[in-house]
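Note that the chains are named A, B, C, D and E in the order they appear, and that numbering of residues resets to 1 at the start of each chain.
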Amino acid sequence: MDKSFTERRRRELLVAASLTVAAALVPLFIKNPNVQNIMILTLMFGALSQSWNILSGYCGQISLGHALYFGLGAYTTTLLFTKFGVPPWFGMLAGGAISALIAMALGYPCFRLGGHYFAIATIVIAEIGLLLIQNWEWAGAALGIEMPVRGDSWLKFQFARSKLPYFYFALALACIAWFVTWWLEDSKWGYWWRAVKDNPDAAQSLGVVVFDSKMGAAAVSAFLVAIGGSFYAMYVSYIDPGSVMGFQFSLLMALPAVLGGIGTLWGPLLGAIILIPLTELTRSYIGGSGRGVDLIVYGTLIVVIALARPEGLIGLFSRRKEASR
Amino acid sequence: MLSVHEVTTAYQGLVAISAVSIEVQKGEIVCVAGANGAGKSTLLKSIAGAERPRSGTVMFDGKRLDGMAQHHITATGIAYVPENRRLFPRLSVRDNLRLGSYLYRGEANREEPLDLVFKLFPRLSERLDQRAETLSGGEQQMLAIGRALMTRPRLLMLDEPSQGIMPKLVDEIFQAVKLIRDSGMTVLIVEQRMAECLEIADRAYILQTGRVLMQGPAAEITGNPDVRKAYLGL
Amino acid sequence: MTALLETRGVWQRFGGLVANSDVSISVGRGEIVGLIGPNGAGKSTLFNLIAGVLPPTQGSIWFDGEDVTNLPAAERCQRGVGRTFQVVKSFETMTVIDNVIVGALVRNTVMREARRKAHEVLEFTGLAARADVLASDLVPAEKRRLEVARALATEPKLLLLDEVLTGLTPTEAQTGVALVRKVRDTGITVLMVEHVMEIVMPLVDRAIVLDLGKVLVEGKPKEVVRDPKVIKAYLGDRHAVGA
Amino acid sequence: MTAETIIQSLASGLLMGLLYGLIAVGLALIFGLMDVVNFAHGEFLMLAMYVTFFLFTFFAIDPLLSAPLAAAALFVLGAVVYLVIVRFAMRAKANVGMVQIFATFGLAIVMRGLAQLFFTADYRSVPNSWLGGKTVSVAGIFLPQPQLFGALVAIAAFGGLYLFINRTDFGRALEATREDPGAVALVGIDKNRVFALGWGLGAALVGLAGAIMASFFYIYPDVGASFALIAYVTVALGGFGSVFGAFAGGIIVGLVEATTALVLPPSLKSVGIYAVYLLVVFVRPRGLFGSM
Amino acid sequence: QTSEVVIGATYPLSGSGAQVGVDAQRAFETAVDIINNDQDFDLPLAKGLGLPGLGGAKIRLVYADTQGDPQKGRAEAERLITQEKVCAILGSYQSAVAVTISQICERYQTPFLSADNSSPSLHRRGLKYYFRASPHDEMFSAGMFDFLDAMKKKGAKADTLALFHEDTIFGTDSANAQTKLATERGYKIVADIKYRANSPSLSAEVQQLKAANADVLLPSSYTTDGILLVKTMAELGYKPNAIVAQAAGFSEKALYDAVGDKLEGAITRGSFSLDLAAKRPMVGKINDLFKAKSGKDLNDNTSRQFMAMIIIADAINRAKSTDGEKIRDALAATEIPGEQTIMPWKRVKFDDMGQNNDADPVLLQYVGGKFVTIFPSQAAVADAIWPMK
């Protein structure tokens, strides 16, 4: 019994490693920048959703305001770089740390709130963040900030045409998010989170410190999402409050996990692999009509997936895995 | 009156009862007993329409029930009090009872069964404005039965009504069941407390791992030495 | 040695309703104590106070020689209070083994050990065959057993059992009774609520009867069931004759 | 800042707040009934506005008169959305809430797409309705007639809804279904019917709001977005599931919005609403009147 | 020789900016019709079929939907360049999206001709491939203040100003430019109201405008907010002396359809005026062509979009190539006299930052259900009515 468990864990690791290697090879063969862009976005959203999944999927605290942490990561990196010349690598870590701290500071009052009250509080707090940045002259306010283009450089993580560095960065991000989840899944935290999600009263009676569990999940989740935000800022090299901190972004971050299977190890990635190309391709190939057909197709697919597989697409792959979860 | 014929019901492929047949005659109290997980609750759920049988038929007064929606089954005259009672916790006792007569809304005499309910459980009449969730366990059970009676059933199905009830009330509830039968209803009851239950029952079935192991008049079952040993703990 | 658990003049009010009034009981180490009383007498409420779900309105709770009145539930669990819930509270989306691991983590920081401990407890409680089943797929009786298993995994000094043996046939109940004895034999003190006298009376060393939130009678089970106050409030005439 | 400015602000805020309440109450009803946050709520509003617009443009029916028609149309829409989408989304075993959020989110996108396809992306408005642009002025305080009318409708709708829920058998069935949808069959209630009617009713209330809005607001496929978030906050502030909460929440949101704009730059006026929401739930974690 | 020249157009085609994007499609199509077919207009490339410089090659347009999102705009621009092989990109309404698109264009050495972005910072980023033929907010605002100066000289009361602007990039830029000019030219700003775009209600904002009671109201709003602003002003009984708008919503038909009756005498800056048709008949004819497609008259946005297509086609024609760098050089050498445009501009000629500084804005007044040019004097067909009715 114990053996089959360890075996499963090992198998998961193996699958992940093979997938990583396979993914790493793809851009060597597919050079089309548009396809590469879609792959990068897929990995980025996969990683973001995986991070979101830690707080909302595993720990059950549905956050619809994660754009706040994404924006904090993006803004910290960009501001440190443009105002003080700090290389984005450091900005990224700083952004992550700031986000984690803010997540905990906000968690302090918010984690007392139940279900939808918590979700709305996260939306509202993210909106406040958005409005504050939008009115903060030094940070570019509504005009946003552009990362000045200064030619290719690893230190500044800037590459004019090659997408490979971005791709591998995004791949690494997805791997890290996945691995952190994998690792935490079979740790005290992982069990605590799931217990808190299922039944906080029972969890408490079994020695789980509910508040600390939520704080831990929030910090990890916010940290990773902020790294994603930094990556976005470097990749797109322009940020403005509306596009990195908007409510829509919070939803987009949650969507892959929900469609793939919330609270599961593979759900977010699977969801992203299906959803992001779908989003991009419908917009690119039918959005040009200007008649809203892309929205109809995209929205219909979301509805259909949500209805056909309410537990997430991961259910298609193995029913047993779900049962043994 | 009720005839369950070779009913098989499964949960996600796992068969819980297989080819179970039982008969209930009008005016009887029939007791169904068996170990944990024998499928007693599943049998009641299959009759009430809370679970859909995989095969077999359920006939009630000439009507075929299997496949019918649960609320329609209630409307044909079967009232089901599930194991966990399923009261409306934040509604008052009065509203819970009133909802029992939802099928008769608009009728002047919709509250007619209330007399019977208050006769059986006078305590409920004292607590009409209390929220159901604040009742004690026993009172909740009374309310659940009362609510079921308000649907004016011809057949009342009770799933372990004595569970979690203090000894004094257990007796009251069994006495109430007898009174209910005497007022003209038929009762199908699932119980672990077989001794008490067999005292009031006319006939009994014993289920084991999803099949009917034994059936017969209550007295006969009580007298069976195997039953005495295995189920009555004597 | 002091008692393992002591409640001193504990009151619990819910709005106007007094669920516990001036309850002072004590449970000695190694005892099995039965807490009985009519529905709504305040038994589960007292359990909640002991386990730290809410602080008492008044009074104090002492565990293992220390005042734990203001400690949160998780902390009390770490100190050795294990409890089950009358209305079962399983982690529905987790498997049986995972449910138990959560409990085992209190005293085992290494995952492998927690897992081993959990398996051990499942064996002990007879749930081993259901280890990989989702808790939501268990039948009520199994869920109650899971409650016990989870609590045992926390390696408690005191185990609070709230109607875990209901809904069992007499034979099955006997298995349950044996399990409780086995638990006590491993050195765990048990305080249990149960309405089925056939189970409680032979099992407990001492019975405390609660009525209307107050301690009505306390003593050896045989004496308690003969007490006219208990018969009137709780047992009913039938048991008076039987006893 | 003169006293007049303040009074005018409060009056405008109050009128707007009643409208917010009316928009939000449908959401509160649906939420209370089945714990579903309808993310297509704003799009329901959008559709109601288009219904009103087209009735006006093609049949010259004034928004005042078309309000019941819009409500009826939305009633059908709500019931259909429940029967065709939400009913199935509820089959999920875990994370039902999220699945529903995203099913309705998908629906919102589809509705926007359909609106753009059939109604084009153009901005529309009902130019000269009976009340449009008319104002009552009392002692220098201006009260626009459409909003005034809207406020009256909102109060009437709330009153009606209150009586309906508290005084009728169907209202009781609604409450019972909200308590335990799995148990209502035990007393012969068809939960799908109750849910469908609940959705219909919730949507119909949005329909009313949309008809009123159409006489003074612009209309385009994305118009719902402006109101959706406010509606969610209103409902949460008042307390999920509480119809009265939505009413009170609406008034508070309207007043807070108006007063914030007096002290902060107006671009930050929603910060006032958000801050009040946070303050309220930190003190009362279930909103002002919420029970769940 | 290529028989086809592919040009990309990146616009919001769904979402809240969709209406502008959809109208832009019609404007581009009108221009492409004129270029590809033989038309008798005094516009570059109107006569004759296609682009003579490339052997009569026809222009084909590819649209991409940015949804108003910088990241998506960027992705679409890259897709257009690498996959659709466009040789130039036109865009993009929202200035934030123009930032990322122009970056990508720079990286791929593909010219980006900004048709209608008005943020002044766009051309100051040292990009080689960025061009803008139309004015930016500073030029527009300068035009507005020139007009105000002129009115003051005539004795009109225009000393105090109220700024009313939305909080995204357009409103912020516009307000910044206006604030600067007001200080320089000695106007007093008595209210500076920044509001949240697409607010459900503007009563509080209008309250403050009313209280400030400035001589001139300077709104910078998109259509939605414009409609709500005007309606709310009427409801709260606020009638300013004069409105001088920073176009956007105030040059959209939808706004006048909705609240035109309340806007008699409102003034807006613009880059286009149908009055020009009197002097330059082709303007009227082209407007008819556009109207046949879209059901609307050319306006501030669509006219600029139309011109952008003509200008880029002209450059490609002169470059005699679809090579990005050659087109860029041709663009840099552009010199189209004002008469060969449909705009009231002096000419089209880019400075070394890619900005055309000879695109003079005009001021239009809404009188009797249509726009009348009132400033500058060489373009004006009527005197301003001041204060507005």
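Everything that follows uses one rule, which is that a residue touches a chain if its C-beta (ideal position, glycine included) is under 8 Å from a C-beta of that chain, and two chains touch if they have at least 3 such contacts.
Labels paired with UniProt names: A = Amino acid ABC transporter permease; B, C = ABC transporter ATP-binding protein; D = Branched-chain amino acid ABC transporter permease.
Note that the coordinates shown come from a computational prediction; the quantities given were computed from them, not determined experimentally.
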item	value
Greatest separation from subunit B - chain, by CA centre	E
Chain whose Cα centroid lies at the greatest distance from that of subunit C	E
Whole-Å gap separating subunit C and subunit E, where each centre is the average of the chain's CA atoms	76
Distance between chain centroids, defined by C-alpha means - subunit A, subunit E (Å)	38
Subunit A and subunit D: spacing of chain centres that average the CA atoms, whole Å	31
Per-residue multi-chain contacts in subunit A, two or more chains	131, 134-135, 263, 290-292, 294-295
Contacts with 2+ other chains: residues of subunit C	93
Residues of subunit B whose C-beta touches two or more other chains	none
Contact footprint of subunit E on subunit A as seen in their complex	32-34, 37, 41, 131, 134-135, 141-144, 146, 149, 160-161, 232, 236-240, 242-243, 280, 283-284, 287-292, 294-295
Residues of subunit C that touch subunit B when the two form their complex	17, 37-40, 86, 137, 139-142, 163, 166-174, 195-198, 233-236, 238-239
Sites on subunit A touched by subunit C in the complex	1-2, 5, 186-188, 191-192, 194-195, 197-199, 201-210, 263, 323-325
For the subunit D and subunit B complex, residues of the former touching the latter	169, 172-173, 175-176, 179-180, 182-191, 291
Subunit E to subunit D touching residues, read off their complex	14-16, 18-19, 21-22, 167, 193-196, 198-201, 203-205, 207-208, 211, 223-224, 227-228, 231, 234-237, 252, 254-255, 257-259, 261-262
